[in-house]
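Shared between the two complexes below is chain A, which has chain B as its partner in the first and chain C in the second.
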Partner chain A sequence: MTAPANFKFLSRQRRVREDRRFVAGKGRYIADINRPDALHVALVHSPHPAAKIVSIDADAALALPGVHYVLTGADLAKAVEPMMNGLDTPHVRRFPLAVGQARYAGEWVAAVVADTRALAEDAAELVNVDYEPLPFVIDGEEAYTPQSAPVHAEHGSNILLDRTFVWGEVEKHFSESEHHLSFRVTWGRNSTVPIETFGVLAAWDPWGETLDVWASIQMPKYADQIARAMRLPGNAVRVHYDVDVGGSYGVKRGIKHTVLVGHLSRLLNRPIRLIEDRLENMRAGDAHGPDRIFDVEVAFNSDGIVRSMKMRALDNAGAYAGRAPFQLGKPIGAIVGPYKIASVQYRAISVTSNKAAQEAVRGFGQAPTNYAIETMMDRVAAHLGLDRIELRRRNFIRADEFPYLIPSGTKYDSGDYHTVVDKVLAHVGYEALIAERDALRARGMLAGIGVAACLEPSGGNSSFEPLLNDKNTTTTWMEACRINVDALGAIAATIHTTSSGQGHETLTSTVIGETLGLDPETIRIVRPDSLASLPGNSPVGSRMAIMLGGAAHLAANKLIDKCKAIGALQFGCAVEDVEYAAGAVSHAASGRKLAWAELVNIAHRNFHLLPEGAQPGLEASHVYQVPTAGDLPTTDGRIQMYPCHSFEFHVVLTAIDPITGKVDLKRYVIGHDCGVVINPHIVKGMTLGGIAHGLGATLMEEFAYDDQGQMMSQTFMDYLLPSSHEVPQVEIVHHCTPSPLTVFGQKGSGESGYLGSPAAISGAINDAVAPFGVRFEKLPIRMTKISDAVAAARSGKA
Partner chain B sequence: MKVELTINGATHVADVEARTTLLDCLRDKLGLTGAHAGCEHGVCGACTILVDGEPARSCLMFAAQADGYEITTIEGLAPAPGELSVVQDAFCETHGMQCGYCTPAMILTAHSLLSRNPSPTREDIVEAISGNVCRCTGYGQIIEAVELAARRLAGSNAAEDAR
Partner chain C sequence: MKAAAFEYVRPVTLSEACAILRADEDARVIAGGQTLVPMMAMRLARPSRLVDVARLPELAGIADEGAAVSFGAATRQLDAEKSTLVKIKLPLLAAALPWVGHRPTRSRGTVGGSVANADPAAEIPLVLVTLAGEVEFATADGVETCAARDFFTGPMMTALPQDAVLTRVRFPVWSGRVGVGFHEVSTRRSDFAYVSACAQVRFENGVCAQLAVGVGGGVPVPTRLDAVAQALVGTAMSDADIDAALEAPVAALDIMTDHYASTDYRRRVARELAARALRDARDAAIGAAA
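Showing the complex of A and B:
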């Protein structure tokens, strides 16, 4: 492994190559891709949270000129398979349109196909659906009770998952500990809500028997899922990966949209296009995030050492299952955070309800879990009268204890938490910060300091699949890269997925340039379609720096080996005596050298000069297995989840207007250690963006439902996104603890900031309102909640 | 109905319905796809274009209403094919974006700010871009880009210009 200081391109402040097309307005997003003969889809939505679909009358819609077809769920279900469930829940069947019964307000009941989107919307209003309302359930705890109305009657209850893991001697540690406390916190339902909605264009070719798909997608095994649902061989689905995705952060998983338009295209022999409008995206895009209640019990001693934790997490998955319940599984890989907690009992419960379906969100369940763990550390500190940072320091895993095995079976790769905290505190001037808080309080403001320390598991594996589903035996989550050197010596390398702002073209070209010692700017990055692609799993789970970076580096190493073999034959020496540097090979003893152009010429034109057994041309591929992956879970539910663990430490100072409750983040500092950084601009952006996203989840964003089962925040007038006014200027303190498991020592950073900012900001608010005896235990903490609670506390005191 | 629009200095004629928004007209009729639909109810700002130099939501404006105004879209900023304006280049320098979806609108807003106020404070920039929502960046590198562009336009940053 090269030391960071010796990198030529890696870790340097180099531009992000994707940016050039974006600033010119030349990104190629799904809405920019069209076919002149395409037809357009609009949806008919259920107004009821649960209702039997008695009949659908589409005559008036079909009578409108330019309307081609109206599809119902009953017809669709005859032609396609149900979509994939992560858990073994075969009776929770999900189709793109409601079949027989609508299960949430907004669910798609019928699809209208017309010459234009506007016409399709007009016609959708003319579809007359006769419903028979059914009992429904919105609240997660209520859904968990046996008497609640089952969302899927065939499944028998609303419980998708209810499993208790015990890792270590939990009861013994609880009985030995001097103190116990328990609490409940709730993570409200929000999501990443990209500014670009989901969209897809599908075109069936009846002569070639292939389905071409362009989509704003970020989804593992997307092509496979389309093929399975449409009863096609995998090689009949061609997903085009050269589509820029306008933000995703996990949620762009429009499989139901894709199966719907794929089916319509096959049925009508026309390209079919569906671009969600914002209303569809919010209420029926099936892209809401975790909606989770945590009940935590913690056992600790007077010195602040936390011995054991019992956590019950109940997640409201909404009307269908999908992959969402796995979001209770991924956090098992960092269930003790950065702390040496000796044993854990974890009960993971996922229930269906008559809310919109949940999908993967940045962190895949880790951000809510970190919020619960960090609230726990604050509570323990408060109980003992200890400083919150000192308490954390006493419980941190020490730098000399890595690799560190946590009770649930994951070995943390590396870290130096104490040093990161020291650096942050030195940067902040912690005493001065406390003085500033107290000065604000003296001026009549509510003021508080929040801290959070947490991990970002990275290198996305899918170990939670076999852990939570006995029928699933997945032990790889590979990623791949192919490098091709043409006969003129120019390099093109491949990415086998779409990207949604992560800068994968920059990542890949930088890694290959660094490895080959050639200018990354000269390396072209291309995206073959899915039929021409090597296996991969898309940019989920904070994995691409590790996985695509690893694949690109190892493919480049294979190219170097080929160059060396050519050199060895020319120089008449052993391969081991050939040096490769910056595109040339040389032999120190003889002083002979072959330049890049000569190597390329031999490889492409001089078969007679190639080593025996060598293939002509100059190309290499590598399919990279996740470091540490490959084992199934143990019978007591232990598994290595993700390989690498980035660390972040947040310190926030907030001032809150005591009358309006408006939260002002006066100072925001984050210490961040994601190992070796490949592109500093990208990592910085991820961290700042993640903090802003966490700020939204903490203070503003919620898919709120009323007691009639209707979603109240369906537009950006009600679902509030942080603007430049709300997001503070953030100071980043860097630290680098390389991972021993990755090719350059890199770790993931795609979820950074987001994983700790909700805990830090809510901690700061709770510190600010503590003098009033107020405590907020549910996110989001909107300004009205703060002003009401403070006013109530003050009038109570008066 | 036919509308005659002045966009990036050139005259365009388009056949639209009365209900066609300026955004849909630009994208679907004129092939100017740099303006993006985000919310289509005037909150997110991804569809921002300049109307007589001032930022405006093209999703809240009918194409017919744009008749008689000077419209500037992102396609009008680059000085030549393959080249970038100072503001566009500054966004590349600081990586003031990730997915790029809000970027054209953000750059037009910044362009408008700098043409009115060549030396904005951080607060001025925050205020100017507060109607453009970015979900990726947390705004930090966008603000840095606008600050850098202002410095470069003022000619006070010879070292960075020379790179």
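Showing the complex of A and C:
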């Protein structure tokens, strides 16, 4: 590992190469890709949260000129396999269109294919569906009860998962502890809501018997899942990865959209295009995030040391299973946060309901869990009358205790939490911040300080799959890179996935440039289609800096080895005596040297000069296994989840208008340690965006349902995303604790900010209203609720 | 989100526009389109045809009429905001305009469109009612005027006949030393206000000589609180005077509720924002007098 200070390109303030085309408006998004002979799809949506589909009459729609076809769920189900479930729940079946029964308001019941999207929408209105409304359930706790109406009758209940893990001597630690307390917090259903909705274009080639797919996708094993659902061999699906994705952070999983248009393309022998509009994206894109109730019991001593925790997490997955229940599994890898909690009981419950289906969202369940853990730390501090930061310090894992094994089986790689907190407090001027809060209070404002410390598990693998599904034996979640040096000496390297703003081209070129000692600007990054790709798992779980960065570095090392072998033969020395630097090899003893051009020439043209057994040309590939991965879970449910653990510490000062409840974030400081940074601009952008996202989750964003099972926030008029007016200036304090597990010491950063800001902002609000005896335990905390609660408390006192 | 099929016409004269509207009862007027177009995209509005009045010469221009300033209905909100005449003669409207939507929507949205749309949370109707302005409209039968207090009849409902084109909006100008205050509150800046309030005050010899205060957002139509004016004219408008004067009129308001803000919230905040607007207006009027 090179010391960070000696990097030539890595960690430097170099431009993000993708930004040039994005800023110039020259990105190539799914809506920029079309085929002149493409047909367009519009959907018929269920108006009911649960209803039997008695009949579908499409005659009027089909009579409209320009309408080609109307597909029903019953017809589709005959032609394709059900979509994959993460858990072993074979009776929770799901097809792209509702089959026999609609299970949430907005669910797709039929698809209309027409010459234009507008025509398809006209025709969709003419499809006459006869429904027979059924009992429905919206609330998660209600869905958990045996008497609730099952969303999937064949499954027998609404319970997808109900498993209790006990790691360590929980009951003993509880009985030994001097204090216990318990509380409930609720995480509202929000998501990442990208500017670009999901879109896909599929074109079946009957002569080549292949399906070409262009999509705004961020999904592991996407091509495999399409092939499986469409009963095609894997090599009949070609996903084009050279499509820019206009935002995702987890939710661009459009497998149902893709199977639908893939099937229609094969059936109608025309390219088919479906680009969600905002309504479809919001109500039926199946892209909502976790919707979770936490009941927490904590055991601690008078000195503030937290001994044990019991957490019950009930997640409302919505109408279908998908991968959503796994979002209860991933947080197991950081279930104690940055703290030395000796034992944990964790009960993970996932239920179906008649809400839209849930999908992966930034952090994959970690942000809600961190919110519960940090609320717990605030509650313990309040109970003992201890300063909230001091309490956290007392419980932090110390820098000299890494690698640190937590009760649930994950070994944390590295960290220095105390130092990050010290740096943040020094930057903030914590005493002055308290004085500022008190001055605001004296002026009649509600003012509060919030703090949060949390981890970002990174380097995503899929250990939660075998942990929660006995039939799943996945122990790798590889990523790959191939580097090819052409006969003129120019370098092209590959990425085998789409990117949704993470800067993978910058990442890969920087890593290869650093490793080879060559200017990253000269390295071209290409994205082969899925049929020409090496195995990989796409950018999920905050993994690409670690995984793609690792693969690129190790492939570059193989290239260096080839160059050294060529040099050794030329120099007549041992390979060990050949030095590689900046594209050239040299032999110190003889002073001989071979420049890059000479190495390339030998590799490509002079087979007679190659070492025996060497292949001609100059290329190398590496398929990188996740560091630490490879084991199945133990029988008592312990597993190494993700390899690396970034740390963040938030301090926020809020001032709230006591009458209107308007929340103003006056100061926002985050200390951030993601190990060695590959590109500082990218890390900064991720962190700022993550804080804005968390602000939305805390104060305004919610996919809210009314008691009729209708979603009330279907547009941006009701689903409120923070704007530039609401997002504060954020000050970032950097720290670097390299990971010993990765090629440069890097860790993940893609979820930073979002993982701690809800806890910090809600903590600040609760500090502000504490003088009134008010506490908010449910997100989002709307300004109107703050005002109402404070008014009620005031009138109660009067 | 594609609109249902519709026809589009751009008449050259006002009378032509009126004739088209009379002949087709499902036709709708469009100017800036900042509300109507999204409604059409979601198929919540399905006009048979759009009658584009944005370029009609009769609907253009800001006019100084001495005792009033009038706006051709197709005046862009941003042009009104940038108008020096508005800044000098209609300080309350000048204070409200930056809260109308967002700058990009103001560059398309029109003064008349906001009035005709009659959203309870809209700022321009609130100022119009508070200042007791009037609305002028044309039909194939001729031109009529309507007092603002009679024009707004309910949420998104007005006295405008189906076949009419709103032509001008007229705001009275107050002489003397005037102060104004405008407040609104929403989760995000420039969203539809949960509650809004505005006030305009003229001071003479240390006491309030003229006053208008209105509340919008949480009420079905923008509402002018005349009882508050009656109570405060002739006083120095102390904070206590203001609070006392607001108590009964705000308690009597017909407040709406929804998922996001309770009735209690809206009433409590209406009282507070009206008080803030009145205090701001008083302070500004006194400052102007000094």
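In this text, the second predicted complex is superposed on the first by the 798 of 798 C-alpha atoms of A that agree within 3 Å, B and C clash if a C-alpha of one lies under 4 Å from a C-alpha of the other, contacts with A are read in each partner's own complex, and residues count from 1 in each chain.
Please note the rule applied: contacts are C-beta pairs under 8 Å (C-beta built on N, C-alpha and C of every residue); 3 or more make two chains touch, one makes a residue touch a chain.
In this text the structure is predicted, and so the values were computed from the model without any measurement.
Asker: Per the contact definition in the header, classify A:Thr715: touching chain B only (first), chain C only (second), both, or neither.
Answerer: A:Thr715: touches chain B and chain C.
Asker: With both structures placed on chain A, which of the two partners, chain B or chain C, ends up touching more residues of chain A?
Answerer: It is B that touches the greater number of chain A residues.
Asker: Of the partners chain B and chain C, which touch A:Met700 in the superposed model: first, second, both, neither?
Answerer: second
Asker: For A:Ser723, select first, second, both or neither according to whether it touches chain B, chain C, the two together, or no partner.
Answerer: both
Asker: Does chain B (first) or chain C (second) touch A:Arg278, or do both, or does neither?
Answerer: A:Arg278 sits against chain B and chain C alike.
Asker: In the superposed arrangement, does A:Ala118 touch chain B (first), chain C (second), both or neither?
Answerer: After superposition on chain A, A:Ala118 lies in contact with both partners, chain B and chain C.
Asker: Touch check for A:Thr784: first (chain B), second (chain C), both, or neither?
Answerer: second
Asker: Which partner does A:Tyr29 contact after superposing on A: first (chain B), second (chain C), both, neither?
Answerer: first
Asker: Touching A:Ser795, do we find chain B (first), chain C (second), both, or neither?
Answerer: neither
Asker: Taking the stated contact definition, name every residue in chain A that is touched by chain B in one complex and by chain C in the other, in rising order.
Answerer: 118, 277-278, 715, 717, 722-723, 725
Asker: Inside the complex, what are the residues of chain B that reach chain A?
Answerer: Residue list for chain B touching chain A: 17, 19, 27, 32-41, 43-44, 46, 73-75, 78, 84, 88-89, 91-95, 97-104, 107, 122, 125-127, 129-143.
Asker: Could you pull out which chain A residues touch chain C in their complex?
Answerer: Within the complex, chain A contacts chain C at residues 117-118, 121-122, 125, 277-279, 657, 659-662, 699-700, 704, 706, 712, 715, 717-718, 720, 722-723, 725-726, 782-784, 787-788, 791.
Asker: Applying the document's contact rule, which stretches of chain A touch chain B when the two form their complex?
Answerer: Residues of chain A touching chain B: 15-16, 18-27, 29, 31-32, 118, 192-197, 244-249, 275, 277-278, 500-503, 681-682, 684-686, 688-693, 715-717, 721-725, 727, 729-730, 753.
Asker: Write out the stretch or stretches of chain C touching chain A in their complex.
Answerer: Touch list, chain C to chain A: 1-5, 42-43, 185, 187-192, 194, 259-262, 264-265, 268-269, 272-273.
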